[in-house]
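These are the structures in question, set out in turn.
Both complexes below contain subunit A, partnered by subunit B and then by subunit C.
Let's turn to the complex of A and B:
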């Protein structure tokens, strides 16, 4: 490697370290048709291949892990006797190296197979941690492996290991780890798994944080219930925040964003600096925020959504909305330099220096 | 409780019984799966009784790519060496046709060794499929746990598909080389392994 290239690589490494967890990365690959939004998919134990009692809790825990960490409208898994889908404890798995195997038949069913404890594979003897009272080094955490298989059922593929992204960003590695390597017992989807689930299934709710593996552009708009009021009258300012319509991911484009911090700012027309008026309140409409103000003077208003550090959204600023405030004295109302009578007739132009 | 199960399993194995769920014949496939082919090739895959299992240390590499069911499997990748020889890979973890298999980094002892000259160019392909991205990494062949894995080369842009790619041989030494491929048309991904010895 040449010296400049080495320096560039070193600089990149530093930047990656500085950026840390909040930096956008590569969402886990995925393919194939998706389940319906929040589709309930139940599984049973496979007849003749029922997992032993020491394994069942880990399998059910993995289903719960998938449900609580998906952060998207991906499938919801749960045990139910008589279900079409099944989980089996069986050596009937293609190849003699795999410890887990999943087949999905979206949108109808899936199967997951876990190789039996002690089975001799090409690479050695399979050890499930849960089989032991004291988990030995080199054992596979059945909860992680089953969660990984549920990830495949959700349509996730394997991460591209050549990208060298942090191991904990995903549980969908092509070579799942054993105890006690980093990530050997992850019990929730990694942030880049969640990113892909959100891309494919949309976020669970408008308030659900977007994965920091993403960097979605946002759009913020602001409107006023009236652009011209008399001093002391109330005007409602309403902001709408959503993922930009030009976002790369079709299902996320235009998605409303609720529960975020949207700040209202104002300035005197022509001024360069803005003053924060306060945080806008959430409304019952997804992505909508509102504030009622009673300005005594004419102001320009704008809403600000600052890039959050805890989720994968970019910041945005609304366009400027001017609310003109007129002051009435003896039946003549002035707004800026224009004054009107109560009857709506233009009265006179205010002279310079007269207070507005 | 677990020890009791262990003892029970041992007794069953000694008596020639097979624990429930590990019968010598495979359980039926889901109704939506195609009819399985003849099971002649599955003899080597019959599950072994749980407690009698012992790690195999056979010096002869065991192929890891024999299918045991009719579920879809990706084709084998191959390397074309400078002398024109085609060296098939051992298949590792994959996602293909709605099926996904997951296993560890494969150790050198289960992989056929191939000697490659230092600085050689290797041509990767996975006929008849095309792929849109690939990445090669390697680890010391003596490091079975693959604690240290180094990047070798990568290519593709996820869009334009290719039927082959050229990658460099690793530096001198015995290595396990793993190449991950992402198939065109979102057909899935697969990890392929070779035991590469570079003098």
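Let's turn to the complex of A and C:
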């Protein structure tokens, strides 16, 4: 192969790879009924199978990892003595191969079992990293495995490994990795785990970024407090941004989007190019943005939400709103090319060159 | 003369010294690695005729004994698993109490017999039968490699043993041990390594409802591969294409297994024999058991809605 051809092939390979990564993201599968929004679900240690002291912090850390990285109104986990749900350190697991096992009884309780350190499997001895002062290669990070089990409690399943998606997109792999392979100690849900949690539970807040594993269409609308004003008068422009009602995911359709960058643009009626007026300000109402302007001339206005690189939303543009501005001199008010007297009679046409 | 005889048995002096040095080097390491001797047992010796009756251990259909069997994991104060304690009792009498090393298994009961086994680096592998009615205990086989599990056939005449290699723990397949003759033969080949399934965490052996087929299920962290041995013909059918998890059972029509979940509730699948295609028998089941009904197989399910029985 010639050098230029090799270079072209290499470039094509990179493009295919990049395109593949951008389009191949699939939210982690999930099934079963969901917990109530932000439901507090506490757990205790299972009587007779209390995890050893070296393991408890990892379990509690995994619960905290789930809470802070869920980015959705999924269940919130925390330790509480006397709770119904439990976490146990036991070989009494429904399958002989699992090193961790979750049972969920949504919306009431769950259980998580972790197999003891040193249990001998076909491939060798199970090693939990936290058992050791110096974590050996090949050990399982108990915090990751417990977070994985909390993922199952949240109703997540396993990713389809045949899709070949980037490993760090999820912690819900059919075979989590051991130290020191990439992703062996991930301590938060991957972006495609978060995507599914958002699909099933809605985003945590209107300001919560949507996972880049999603590509949700958005709808942006714009309205003016008045469509016709006199020059120098204030008009309030109000935009509403939300996930489109035709989004594929029922719980996300119509969800308001706050804290985003919504830009207001204007143009002279009939012109083809737009000028950015500025960024619209967030209001106290979810998904609502507002700007007050005092135009001296008639303009078409529109709001723009550009596709953000940091979250899984598509861009959108509002429909155009025209605010006509009339200028009154000696009882004659001109708006655009038409002038009227105070009495409402058409008076004269504006001469060319007069500012609109 | 006597010297020559020992020399003949042991070899030249240099070899004897080398062997002694090797043993001196290996034994402390093995001691550190785990128990060397067969586990301490308080079980009873069997009658001189042994447990075998007419070449077998008796029908494995049901347990006539009211024996109480417990198998508890033994942990160090720091929570490291060191083995298990197997106990068999009858009423207030303890018939057997056996401490097993970490590399051990307990299977059954098969009729009135419990099968258990272990491996230690020096003593090797041992598979034994423990009579539940009497507490007597007898060796059945000393398999090659590291024994991982074993089951008796329904007639109680053969032992099927799964093992892994001592040096690298690769799968060694399943070997049939004839209890009457002591002869053994490979019946299921070693499982090839697979990137898709990852390292095998555990292998389990299940008899079909009819008792003529043995399912050998090897599972990774989540995904399982199942091979079914027809014990009469010796043919092996493999099921690895359809994603599945823990096996519930099998009949002549299908394998019944949970989806590849290490959580529950989870979908229960039927994987058709012959085609290997999977279909969902029940969604979101906690537990499932397969049994023979008058009109065919029946599966009893525990689901979030309660228990139900379905004809798969």
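As a working rule, the second predicted complex is superposed on the first by the 319 of 356 C-alpha atoms of A that agree within 3 Å, B and C clash if a C-alpha of one lies under 4 Å from a C-alpha of the other, contacts with A are read in each partner's own complex, and residues count from 1 in each chain.
As a convention for this text, contacts are C-beta pairs under 8 Å (C-beta built on N, C-alpha and C of every residue); 3 or more make two chains touch, one makes a residue touch a chain.
Model, not experiment: these values are computed from the prediction.
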item: Clash or fit (per the criteria above) of subunit B with subunit C on subunit A; value: clash
item: First (subunit B), second (subunit C), both or neither touched by A:98; value: both
item: Touching partner for A:132 - first (subunit B), second (subunit C), both, neither; value: first
item: Touching partner for A:322 - first (subunit B), second (subunit C), both, neither; value: neither
item: Which of subunit B and subunit C A:68 touches, first, second, both or neither; value: neither
item: Which of subunit B and subunit C A:294 touches, first, second, both or neither; value: neither
item: Touched partner set for A:55, first subunit B, second subunit C, both or neither; value: second
item: Contacts of A:163 with subunit B and subunit C, given as first, second, both or neither; value: first
item: Subunit A residues touched - subunit C or subunit B, whichever exceeds; value: B
item: Selected from 1-9, 19-27, 199-207 or 289-297: the stretch of subunit C that, after superposition, runs into subunit B; value: 199-207
item: Footprint overlap on subunit A, where subunit B in one structure and subunit C in the other make contact; value: 31-32, 51-52, 54, 89-91, 94-105, 116-125, 131, 149, 152, 157-158, 161, 174-176
item: Residues on subunit B engaged by subunit A in the complex (per definition of touch); value: 1-2, 5, 19-23, 26-27, 30, 32-33, 44-48, 50-51, 53-56, 62, 64-69, 71, 73, 91-95, 98-107, 110, 133-137, 144-146, 149, 151, 154, 178, 180, 182, 186-189, 191
item: Footprint of subunit A on subunit C - complex, ascending; value: 73, 75, 78-82, 102-103, 148, 164, 169, 171, 196, 198-204, 218-224, 245-246, 260-265, 267, 283-284, 286-287, 304
item: Sites on subunit A touched by subunit C in the complex; value: 31-33, 51-52, 54-55, 89-91, 94-105, 116-125, 131, 149, 152-153, 157-158, 161, 174-176
item: Subunit B-facing residues of subunit A, complex; value: 29, 31-32, 46-52, 54, 86, 88-106, 108-109, 111, 116-125, 131-133, 145, 148-149, 152, 157-158, 160-164, 174-176, 178, 181
